[in-house]
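Sharing a structure with you now.
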Amino acid sequence: MKLKIKTFGITRDILGGRLVEIEISQPTVSLLRSELTRRYPDLENLNSLFVAVNNKYADESEELSSTDEIALIPPVSGG
Amino acid sequence: MKLKIKTFGITRDILGGRLVEIEISQPTVSLLRSELTRRYPDLENLNSLFVAVNNKYADESEELSSTDEIALIPPVSGG
Amino acid sequence: MIKITEKPIDVQKVIDTASSLNAGAVNVFIGTVRSKAHGKNVVWLEYESYESMTVAEIRKIIDEASHRWPLLGWAVSHRIGTLKPGEVSVVVAVSSPHRKESFEACQYIIDEVKTKAQIWKKKYLKTGRNGFQQAHK
Amino acid sequence: MIKITEKPIDVQKVIDTASSLNAGAVNVFIGTVRSKAHGKNVVWLEYESYESMTVAEIRKIIDEASHRWPLLGWAVSHRIGTLKPGEVSVVVAVSSPHRKESFEACQYIIDEVKTKAQIWKKKYLKTGRNGFQQAHK
């Protein structure tokens, strides 16, 4: 299944784009995370990395579909 | 000696004017205070009453002259 | 800038005066005239100041604040004269490198100004249909 | 009002939005871009936001603050896009009956916005004569 991943902050630099496509079969948040860190090991250096699905922070077990709005949320630095 | 007393806040209502003249011989802050409370007993109801001489809070023993700028400072309420 | 003024306070100007290019934080306190006091409607307030003493007193307060916190800019403006509900009576603005100290310094300054500056307010309250009452607090 | 905007923030407008006739106090926090960071000159900053999440997150922060303190008005505005040193990045304003709670609520809100809102800054720092460096903090 093809997932579209929105990137923000430093994850955009690491993944190299605003919207990155990843192919995973029967994807969950946990599987997505494994696949991303395999391809982009620099993600492991972050103090935290949340995955948001449809504008909510997702649990690791949450199943993903190709119509979900998926986003990577690295440590925030507003203000 | 004739002293001119500036009034502020509630002391203006009690003394009935912005600038009140008081005659005292060999005046000190302490004597002025006694004379004022004798004439205007309502002053005793104030939580505090400072006497300022030439823009500084004065000690009770300070001597006063007719050229001093003397002011009554009741509890403040700015802000 | 320490200003005692009969004219409406320009809040943005007070903020601009306190700002600094090296600051990351500006904290601003704005005191406004409440429409109610002692359970009654406020018709208007009158503020007066013993200006020479007030300016010296506020300067002392600012000196103490500058000693305690790394202030990069500051400004205090207090209105006097007749004010209606909703109008701004006082503005304190400070800038500092980081936000925590801007909050602490601004709160210190307004607390001290309220308890030490030689400024007095007189409230004119509405009591019943045609009645008025004055209050010195 | 919660606003995420590419345009310069009108501080006075944020204050007006947060003001209330029943309030005696308005506290305002203004975050500004510092000219120095990590010991280097800041050339510019870029802020971006995941706007849908950011607005919902700030709304939760405001709800919690309204629960803890008697707020009469509030407004939060955060700038995104390219900012130069001295420019305003964020404004938080709250009004309340008395001053203490206005300081506490405003500080709570900006602390929470900084640690929770989905906003990211990227600093462009000058290193040497022609060098640049990017920093994500």
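Lettered A, B, C and D in written order, each chain numbered from 1.
To be clear about the criterion, a residue touches a chain if its C-beta (ideal position, glycine included) is under 8 Å from a C-beta of that chain, and two chains touch if they have at least 3 such contacts.
For clarity, every value in this text was computed on a predicted model and none was experimentally measured.
Trainee: Could you tell me which chains are in contact with chain B and with chain C alike?
Mentor: Touching chain B as well as chain C, we find no chain at all.
Trainee: Apart from chain D, which chains are still tied to one another through touching, counting links that pass through other chains?
Mentor: A | B, C
Trainee: What is the chain whose Cα centroid lies farthest from the Cα centroid of chain C?
Mentor: For chain C, the chain whose C-alpha mean is farthest off is A.
Trainee: Measure off the straight-line distance from the CA centroid of chain C to the CA centroid of chain D, and report it in whole Å.
Mentor: Each chain's C-alpha centroid was found; their separation is 23 Å.
Trainee: Could you work out how far the Cα centre of chain B sits from that of chain D, in whole Å?
Mentor: Computed from C-alpha means, the inter-chain centre distance equals 49 Å.
Trainee: Mind checking the centre-to-centre distance between chain A and chain B? Centres are C-alpha means, answer in whole Å.
Mentor: Going by mean C-alpha positions, chain A sits 74 Å from chain B.
Trainee: Between chain A and chain D, tell me the centre distance in angstrom, where each centre is the average of that chain's C-alpha atoms.
Mentor: So the centre of chain A lies 26 Å away from the centre of chain D.
Trainee: Would you pick out the residues of chain A that each touch at least 2 other chains?
Mentor: 79
Trainee: Two-or-more-chain contact residues of chain D, please, as numbers and ranges.
Mentor: Residue numbers touching two or more other chains: 31, 99, 110.
Trainee: Using the touch definition from the top, list the residues of chain D that touch chain A in their complex.
Mentor: Contacts found on chain D: 31, 47-50, 52-54, 56, 78, 89-90, 110, 113-122, 136-137.
Trainee: Flag every residue of chain B that touches chain C in the complex, lowest number first.
Mentor: Going through chain B, the ones touching chain C are 6, 8-10, 13, 52, 55, 71, 73-74, 76-79.
Trainee: Which positions of chain D touch chain C when the two form their complex?
Mentor: Those residues of chain D that touch chain C are 11-12, 15, 19, 21-36, 85-86, 95, 97, 99-100, 102-103, 106-107, 110.
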